[in-house]
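Heads up, there are several structures right after this.
There are two complexes below, and they share chain A, which is joined by chain B in the first and by chain C in the second.
Showing the complex of A and B:
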């Protein structure tokens, strides 16, 4: 029970990152490696600000802005200087390594007191909301009241993010972003500055990645700067799995598909880890899933096409 | 009014493969004029359109549209004044987006785009009304992806999108050449109607002789980056495809003569 709850919670945390990757990869066809850095930038800025005594909500918002800036720089490198998509991301990712180290201090890692972060607020909320009887019941199931509150809060946050993105991509600016990824020639003829759109889109994508990092670090009450590696794979796997689940769906349904993809991946990994596989293989599993997610739909499509011919 | 002064444009400049696509070209287009640009492949007609639209920057010359010099304007900035339809019917629309969403994009051509919902009820009504006028039976499908439509239908809608807000100048770049004959005929009829209704200043590129004779009120023939013929008024309306074909034959003969003369010179002196 606790394994499933933790898996879904982690999935929800990473779903924000996946939504960011959905914007850069799916809309712009931009495999944006910036997220490897901006996820940690969001996490470390948030925790350092909390350590400095800032209110966790404000700290999370400011931490998120770190990602916004990083994404905007990647977009600007590509748009203004025609540096390739992959390389622009690599450049900013590398630069962020130093930035993150500077934020976190020499050790490159930071641990905070639970009580000062959003985790602490969840704990307080759980204690005042849940009756002693309920708390005893949860205890019997080996569940912490705090984790229940975190889970539901994340449901709300991710739900709001999905709603926001659905609304945003139906506005004039949102339509311009979607159109740019698919047909930039038409977009220019409609008077849209493609460069501005790319900067905006990547800024938004990395805002979500940093928010994901900031919340994730607060749930763990710690951040280590190396834990950002492989984030692009986590995001891509969720996006591609989401696509596979909702291949023919409308754009707004695809957004929801990404969240489901992120949660499913974490559930799968948990199931595999439950069989006693050591937890270090997490990243290896993710890489393998990404290969599967990339290859399987194509193979199935080919087989289907072959059957149709017959 | 569009004024082009001394427009020159070369590709691969300074190399052996240099192509002088436009050579000191002058052209004045009056308000409401519908010009057909005719020429063979490589005559520079599409390059001219792209230079006006801002896709290619000319090496020399000025472009003035309705009194504003736009020579240094970027392509997207020029789009505030210019509507365009491309040769490829899939270029003018975003396939995965609905008809309504595509029109929402077009409704803001050259205007600032805010964070308000793009497809509003009044806009839907206006889209439905104007699509109904096309007579294609597409008014009930404005919420389906535009990619499901045929090339001809998409090109017809692209035309309506390009003229949704009346442009100061409409550029049609062989916009029927990739369509089947029936769709081409339909798109031409719609072009004629939309241009006439709003009296839109138009430049249309074609290499179809019947199109060149039947459409527009001025015909410009291009050859090797230059304007070689400029026919308007009564003379234009009396023009027949056979006559135009004769001119092309003449050009071809001159060219062959040129080449044989060049070969002779080369043999003698090199």
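Showing the complex of A and C:
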């Protein structure tokens, strides 16, 4: 049970990152590598501010703004100077390496004590929400009150993010962002400033990545320069899996699919870890599962189509 | 003409950067003559893979050791410190910069750094430290005295045997301990096998769980804790060191005492730490550096295994995990901490 809770919690944490990647990669068709840097920017800014005595909620919000700025710069580089999409992301990611180093300080690592972060707030909330008897019962089942509070808090945060995105992409600006990804020439012909749309879209994508980083760092109580490596892959995997599961769904459902994709990946990792498969082969199993998730829906679809023809 | 004019600012920036860079490289050229029988003033370059408490302690110990050897910074040597921040390509660049510049001696900290150093640098003497076992890098050498001509240093091989002895003393009925490890790190794989071997000797089963990314730590640690363990005996590697507070938190939830091998972890969740004394080992390394500066070839200086360890007990973390540290262990400890932070 604890493994499932931990997997879903971690999945929800990374679903925010995946939603960011979904906006840049799926909606914009923009392979934005900035997320590798903005994830750490969010994480490091948040922990630095918490270490400085700031309230964790405010620190998380300010840390998130760091990602917003990074995304906006990537968008501006592409829009204003016609730097290719991939390259503008690489440039900002490279620059963020130094920026993050300055934020983290000479050691390049920050370790905080749990009590000062959102994780500590969850602990306090758990103590007041759960009676000592219930806490003991949960402890016996290896279900920890603090983890349950973190899980529900994340559920609310991700739920709000999904609701916001669903509403946002139905607004005039949101539709302009979606249309820019499909056909920017047409959008330009309609008199919409595509440059502004690109900056706005990438700022939003990296805001989510930085928020994910800020929350992740507080759960882990630490951040260092290597915390962001592989984040683009983590996000893309969730997006692709979500897309495979909801390939024919409406856009609004696809957003939810990304969250489910992120959670499914984590559940798969837990499953592999629980079955006691040698840890050396777990990545191979993950890859095999992904292939299956991508191929199976298409194969079933083709089979159904063939049966319908008959 | 207009095009050239447009390029002028960029050219100016490049020229200014080159000038400032070259002036940086000349740093420390004081006119004071070297003392202590030295023929020249030496330029040392410390290269680290990433900054950890171990490297900080080592750098402090090194400076003290050099001072104790009668060497004066600024007069006898200049020391620059470079950090790759966990990035291998940056590490390669740092070595290339050091090898092509005016560096007289390279000080390599951590195994990954040494691994890269021996591949990139053949002519400059290399003195390594913060290394558990240099022989995991097969090209470095076969024994303490048979090794690459330009490489020497100190290593601090942890004695898992003694750690498991302490665990047995604290928990006489211990049957199974667990550890996370990163198979991507040479040291971690070596430590893991050493811990398993020591476990056989003490009749303790060692459960291991490989984590290749930080993102997998929460789930891997939870999965490990569900394997009916009696304790966590967390080996030292870069990935788990960086996430240790979380590892300790999960262990605490499962009421598992944590035993570990990094000094600072006694403040972040470990009940008992048995860790190399990096400060003292760096002081030993300073004597090696002094010998090289006075003309001894690194080839003639055997690697030195340092057997100085710190035993640190944190009674608060032990109590939280339901562990009672026996008086004999407390008495043997170099330090007994009674607070959580």
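Here, the second predicted complex is superposed on the first by the 274 of 310 C-alpha atoms of A that agree within 3 Å, B and C clash if a C-alpha of one lies under 4 Å from a C-alpha of the other, contacts with A are read in each partner's own complex, and residues count from 1 in each chain.
Rule of thumb we're sticking to: a residue touches a chain if its C-beta (ideal position, glycine included) is under 8 Å from a C-beta of that chain, and two chains touch if they have at least 3 such contacts.
Predicted model, so just to flag it, every value in this text is computed and none were measured.
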> Counting only touches as set out at the top, which of chain B and chain C does A:87 meet: first, second, both, neither?
Replying inline: neither
> Which partner does A:300 contact after superposing on A: first (chain B), second (chain C), both, neither?
Replying inline: neither
>> Quick check for you: in the superposed arrangement, does A:266 touch first (chain B), second (chain C), both or neither?
In response: second
> Of the partners chain B and chain C, which touch A:288 in the superposed model: first, second, both, neither?
Replying inline: neither
> Which partner reaches more residues of chain A, chain B or chain C?
Replying inline: C
>> One more residue to check, A:189. First (chain B), second (chain C), both or neither?
In response: first
>> One more residue to check, A:136. First (chain B), second (chain C), both or neither?
In response: neither
>> On the A-aligned overlay, A:57 touches which partner chain: chain B = first, chain C = second, or both, or neither?
In response: neither
>> Quick check on my understanding: which residues of chain A belong to both its chain B contact set and its chain C contact set?
In response: none
> In their complex, what parts of chain A are in touch with chain C?
Replying inline: 2-3, 6-7, 9-10, 14, 97, 101, 106-109, 111-114, 142, 144, 147, 219-222, 224-227, 229-230, 234, 266, 269-270, 273-274, 279-280, 282-283
> In the complex of these two chains, what residues of chain B are touching chain A?
Replying inline: 53, 74-77, 79-80, 83-84, 86, 91-97, 101, 104-106, 108-111, 113-119, 162
> Can you list the chain A residues touching chain B in their complex?
Replying inline: 167-168, 170-176, 178-179, 182-183, 185-194, 251
> Hey, which residues of chain C end up touching chain A in the complex?
Replying inline: 50-52, 56, 83, 85-87, 183, 208-220, 222-223, 225-226, 242-246, 249, 253-254, 268, 341
